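Below: a set of structures, written as structure tokens.
Look at the two complexes coming up: chain A is in both, with chain B in one and chain C in the other.
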Partner chain A sequence: MRPILLSGHERSLTQIKFNKDGDLIFSTSKDKVVCAWWSANGERLGTYSGHQGAVWTVDVSPNTVLLATGSADNTVRLWNIKTGECVKTWDFPTAVKRVAFSPDGSKLLAVTEKRMGFLGTIVVFDIAYGDGNLNDLDVQAEEPSLRITCDESKATVAGWSYLGKYIIAGHEDGSVSQYDPKTGDQLENVQAHEFDHQINDLQFSPDRTYFITASKDKSAKLISASNLAILKTYVADTPLNSASITAQKDYVILGGGQAAMDVTTTSARQGKFEARFYHKVFEDEIGRVRGHFGPLNTIDVHPAGTAYASGGEDGYVRVHHFDKPYFDFMYEVEREQQRK
Partner chain B sequence: MKIAANEIHNGFAFEEIPEIQQLPHHTTTHHVSTREVSIFTRKNSPDLSLTIFSNYSNADWADDDEFEDTLPANQIIENKDGTKTVISYRFNDENKKVKVTRRIKSTVVREHVNPQVAERRSWAKFGLEKGHAPGPSFDTTSVGENLIFRPSTNWKAQAAEVEKNGGEQGSMKDQLKDKKVKCRICSGEHFTARCPFKDTMAPVEEATGGADIGVDDAGAAGGLGAGSSSYVPPHMRKGGTAGGEKMGGRFEKDDLATLRVTNVSELAEEQELRDLFERFGRVTRVFLARDRETQRAKGFAFISYADRGDAARACEKMDGFGYRHLILRVEFAKRTT
Partner chain C sequence: MAPSFDTLTEQDFHEEEEEEVDFSDLKEQYEVKLEEGLDTFVVIDGLPVVPEDSRQKLVKFLLRKLNTVGHTSEDAVFMPLNDKGMTEGFAFVEYETPEQAVGAIKQLHGVPLDKKHTLAVNKLMDIERYGREGRIEEEYQPPQLEPFKEKEHLRSWMGDASARDQFALYRNDKVGVFWNNKSNPPENVVDRAHWTQLFVQWSPKGTFLASVHPQGVQLWGGASFSKQKQFPHPFVQLIEFSPLEGYITTWSARPIQVEEGQPVLTYEEDGKNIIVWDIETGKPLRSFVSHDLAPGFDADGDVQPKKKVQWPAFKWSADEKYVARMLQGQSISIYELPNMNLLGRTSVKVEGVNDFEWSPATVTREGIKQYEQLLCFWTPEIGSNPARVALMSVPSKEIVRTRNLFNVSDVKLHWQSQGAYVCVKVDRHSKSKKSMATNLEIFRVREKGVPVEVVDSLKDTVINFSWEPNGSRFVLINTGEAPAGAAVAPPKSAVSFFAPEKKGNTPGNFKLIRTVDKKTSNGIYWSPKGRFVVVATVHSQSNFDLDFWDMDFEGEKNEAEKDLAANLQLMKTVEHYGVTDIEWDPTGRYVVSSASVWTHSMENGWNLHTFSGTTLSENPTEKFKQFIWRPRPPTFLSKEEQKQVRKNLREYSKEFDEEDRYAVDIANTAVVEQRKRVLSEWVAWLRREKEIQAEEREAFGLPEDADSPKLAKDARIGGQEEGDAIVEEIVEEIIEETEEVIG
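After this line comes the complex of A and B, so read on.
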């Protein structure tokens, strides 16, 4: 496969998202600009400018009308995807590290940082989509409909489970917790990763019944959304920044590498800047894809499972469209299963 | 679902890098009926297709001024084989006129996509991209080198093997692994230079050669044979034969594990051939001869194996194999000398 290199960013990537149809890719980086790309050929559709600080996170509404971004300038912004206009800005006391639309697009959660005496919070906003013709998109709620405060350990990542039934959050201390999105009560809390090893990414399966977490403790875990039971563990030899579950084939992709501050002291090979493919069920590593010059900060998989994009500390996005050997690979038991 | 017909824009204005054709266009999620094929072929070799009109190239220098700031209109010529030749003019960095000749084959691809996706295709660019021409822009999008990604349960062992065989150093080391060192003086298992009897038993000619260097300096420097003053060609020199043989031997060894496959279909793909032949062992190289203009296979291919045993087995099994309505003929490649 020939990767497409997208070099529209000047600083390291922070998050990449495919939209639900998989024809667009949104990427954010520390250089304040959000980019939209066509996934098929890597053409840049446009940029969303307005943030005053590093953009940490991006999410796209299920109908590809609104784009939400969270930034170090203490704001969450909503954008009209088609025109690139900013339609709404919410201000916070601290930086926003993660935003996520609920599966039906009616709610948006934002994770705020713990800093300067403020505790880390998860806030939820109700989202309106105007009259259906991209008008009145700027009519949005001013105040959050829910505010969850994380007293013990701040949340670093969060997302919505199936049907928006739970809010799942990963914490700085390596634990994963489940919240009720109506009342904001914590229903469960599990120490999924080693204590004090931050969870860097949390991505859901296509049906959102389970999710994968990537942690600094060099492992990724597949966890059930309903009871936070740990289903699978994928062990790597480097701190992980991102993990993603592929549709169509039963793989997971992990990305990581040495912490950015240690990069200059090691060669590219030792830095382990590769995307690692594991079999989702058998937990075996089945291959790696090289290419980045720095650690992989973020990975996202095309919703149909035909491509994946990775963004690195080196400022590049690499879009890989899988070719035949990727789809052909099967374990012997899987082959037998298929024959029956 | 509805049908959206999209004429994919091919004129990326990427005359410098025709490889941009490799961009996978619209590998869509929903029932792709045909695949995009867009071929950029340059009419001439890369340096010929850019013709620079400098001032003195005009026949009449007096016309220069009025000719200077206008560019001739673009020309589009329809070719017989369905391709278009587009001749365009532009100014380069040195303000000279440049004529760019491109041959473009465009293919219309129909695919089934969601109506929303079809509607999105018509969106105009915005932000920093506002007003840019359709197609990927040169400064933000490029195509990386081809990566071979084949998932496998024992990928670590395979990667280690590739690493080991990949470098010239490694392969030479392997070749010499079980070679014995033999001293030319005492036939012991050490290098001649390290021979304990070097001073007492050194061969006569070598001793004289060493002595000669002092006397007949010019001759030695000229690469003449050590014994006489007449010229001895390298392959006739002492020790020269061994080197020459080794060199040839390496190529021969390479050739020994290479199969020539003939009667290959025009529509064959390298990947398909690789898949076919990889069943017999590790394939190091697949070469499928293609027509330069049409990119179609010419009907023959070479498959190199890492191991001759595998090649022999593949030769036996694949000779007469039916592939794409033709029956393959497989034989060992002959040396090209």
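After this line comes the complex of A and C, so read on.
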């Protein structure tokens, strides 16, 4: 099916998120604007303006009431999704590269950059949802309830495991660590990717028992949240910026491409700007989707597994709704398994 | 700040103590040799013992021998006498130059003087060095014989049950040898990191794999690719095997500096660039200085820019008995093997000689009993003399055939693989020198008197030409003048196929079969068995097409071509982005196209195709450098046996097809089994994980939907007063499309 092209951003995309119902898409870009779109037809619902720098990251609360964004202007902002107003701003000494709500929406984590004499940190805030009628959303804690300092290698991405039991973080040196969200202690650290190859994305499975990491080392790994055991490895031929696990079908989608700084010297064919589909269990590449003319920076899958959206360095978001053959495709052994 | 005595630490003291270690052994080893003045002296042993009176006679007799290799005189021979007035049986001889002394040792050592006496010639320095007291054990100790070790069979790969071929793959800094498994992943034989520094190369019959290092060349072979031979040519850059694998030539831009203690190289090799080695012994046969390294002077005395290295500098005759080198514009030197002496002691003077080629096979010529090697060379127009192409027979050095040519700007010599024809591609300019055209002058070497056939219907310059191996057809590519703005669009080229007319047993005149216009092709790659040919565009920025042609298509034949010994058919065209190299396997079954990082760094890797252009596998490989098939030695089957095999091909192929099917089945089952296992493991893991999660949830006393948002319900229901908003979603689906043409 023809993809829906969302062309509302003027600069490269940084992150895309579907809400839990999958009817909305939120996208952030280096052009300082956060956009909300209808996923079904690509119509723009509105924007959230206020950030003074490139917006690096976005997350939606599970109840689609609050939107959190992190930016290069050293702030994390909370927005009322419905009205578009900014209800809360937290200031930091450095840029914020990743925000993520806990599965129940009661907590928000933010990953801050290491710069200007400040170490990279992961901070956690308690989130309140007012009186339940979208009032008093601006009543939020001023100070974080937890602060984890990454003194070895800065965290680049982070997220919550099932029940909010662990905070999982991917690091600049290619390792993945597991933290206790109550005490902030590091429980485990595994060198999942090649040393010194940054982890660019970390996304959880629908049940949050495992997650996928995408790294500069041209591979993506499926890792267990409880013990950080590497379950699967997906090898690509280009540095990866994003990876996502599809619901319903057992696939993963990887996106990346030649680093943006090298792109000008090569043709589009060379850049490998394609979304790659791999079978989650068998680790085989199944297919590719072309379209972007810059590296893919971010990919997110519809929570029901019926569509996916990719955002590229080229400034476009492409929303693809899956066709019937996508759902029909099955390995012979899977079919057998199903028959049993 | 330099440390003063006060600030010296304990450690510094220790360092000084260490210097007192006894280095005498090292000093001795690296002692500066001050005996340079004695380089011209040799010691001769094994002379007859004569009284003083006949000493003079003996010296004179000896001098005759000595002067064959250099210059020396009676005064320079010192033959001491003992107390009894008898000579001692040895003499000291001084030559004019150290080179002559070395020559004397090489050529006179072990040479008989008369029936009873054999000369033993050594350097005076060596006598000093090795004969010094204490260096020689008083008692003779027999050398230990190495126990016999069975060597690996060097042709073990030929015994493969399914007759697969091997190839060497050089990527990143690893070199591996693999079995070709068609569309299945290749089977690894060996894979070694840093196996070579520059490149790898098979010997012409596939026995050895050569690796090139700054220290020299190494040959590997046998089933496990163990080290077979070493040729320590420092900073070697290019190598060349002789056709029967007897010899190897190595070249380095840097003149060799022979250091003391070098076991293989001697003074002889000092300052040389090229060494011809005997592969069997691993010893250098003879070494040379490159002709083309010294920049020449033109008529005005200006230094000309350095010319490109001519490689191979030494060209081998097909029977490996001769090797020849050309001194541009002057002469061809032919050396005889195995002693590497100049044939007839002189080079063949050919004024203006520009290039030469040996016939790749020993040719049987009509009416000539003696089968000699043939060599073809050409000279450009000099003054009022026309350009000339000539065939010379070696070793008789007799000119078999010459042909004069006019208005020549360049000539290329192309031998057919059996030496049956040599095609002389002549690029000619018009009188005004403005337009160019190409003539083909084809020498029919086998026929009586070597008739020459001229193909001159070619308007533009021919950029590539190739004979069919073991056949009499050829393909050429010609190009028009590059259009304006050629930097954008590559110049168009036209591919022409030629075949002889059918005429009894002997092939008739060469005729054009077809010309394919508007191509960008520049490479011609014949199957080593003939019949099939790949015409491709390589090293291009924008075109990457490979055309697979069949010259003997078994279908209907074009009426116009019915009297030609060919039926041309394009089988398939494939594309390989960035292709730089194309190589046929030695059996002519597969073609590999590859894109090497040596040329560009885009999508490096190699693709495997069948002879007919079906792509079997694509192997993108990072930092891919080189793919080379292992050559096969010629078959042992006689012509009749080969014919027999061809006749029963149907039956053989049945067997092989069966095997293939079986292999596919096995592979499929293995894959399915593997997948089954992986899937069941995954499902089990998921189930376990779910259980753990449920347990934990219970332990925490959390409800089933603990992960769902707590306040979602409130937020949703108690939203704004407008109540339930209905979002209308219109989805259009095209069920059918029909197209009607009206009118």
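Criterion: the second predicted complex is superposed on the first by the 340 of 340 C-alpha atoms of A that agree within 3 Å, B and C clash if a C-alpha of one lies under 4 Å from a C-alpha of the other, contacts with A are read in each partner's own complex, and residues count from 1 in each chain.
By our rule, a contact is a pair of C-beta atoms (placed from the backbone, for glycine too) under 8 Å apart; a residue touches a chain by one contact, two chains touch by 3 or more.
Since the structure is predicted, the reported quantities are computational estimates derived from the model, not experimental observations.
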| said: Based on the shared chain A superposition, would you classify chain B and chain C as clashing or fitting together? | reply: clash
| query | Is A:277 in contact with chain B, with chain C, with both, or with neither (first, second, both, neither)? | reply | first
| request: Examine A:186 and indicate which partner it touches, taking first as chain B and second as chain C; both and neither are also allowed. | output: neither
| task | State whether A:209 touches chain B only (first), chain C only (second), both chains, or neither. | result | second
| query | Between chain B (first) and chain C (second), which, if any, makes contact with A:7: first, second, both or neither? | reply | first
| task | Could you say whether A:89 touches chain B, chain C, both of them, or neither, answering first, second, both or neither? | result | neither
| With the two structures laid over each other on chain A, which partner does A:237 touch: chain B (first), chain C (second), both, or neither? | second
| request: Pick one for A:149: touches chain B only (first), chain C only (second), both, or neither. | output: neither
| request: Have a look at where A:331 lands relative to chain B and chain C in the superposition and call it first, second, both or neither. | output: both
| query | Given the touch rule stated above, what does A:132 touch, chain B (first), chain C (second), both, or neither? | reply | second
| Who wins on chain A residues touched, chain B or chain C? | B
| remark: Superposed model, chain C vs chain B, clash-positive stretch out of 495-503, 531-539 or 639-647 is 495-503
| request: Could you give the residue numbers on chain A that contact chain B in one complex and chain C in the other? | output: 23, 40-41, 63-64, 82, 331
| field | chain A partner contacts - residues on chain B that touch it in the complex | value | 22-29, 113-114, 116-117, 120, 123, 125-130, 134-137, 139-147, 149-153, 155-156, 159, 271, 275
| chain B contact footprint on chain A (complex, rising order) | 1-8, 21-24, 33, 40-49, 63-64, 82-84, 251, 277, 284-291, 302-304, 306-307, 318, 320-326, 329, 331
| chain A contact footprint on chain C (complex, rising order) | 577, 602-603, 620, 622, 672, 675-676, 678-680, 682-683, 685-686, 689-690, 692-693, 696-697, 700, 702, 706-712, 714-716, 718-720, 727, 729, 731
| query | Across the complex, what residues on chain A touch chain C? | reply | 20, 23, 38, 40-41, 61-65, 82, 103-106, 129, 132-134, 162-163, 165, 207-210, 224, 226, 231, 237, 266, 269-270, 281-282, 331-334, 336-337
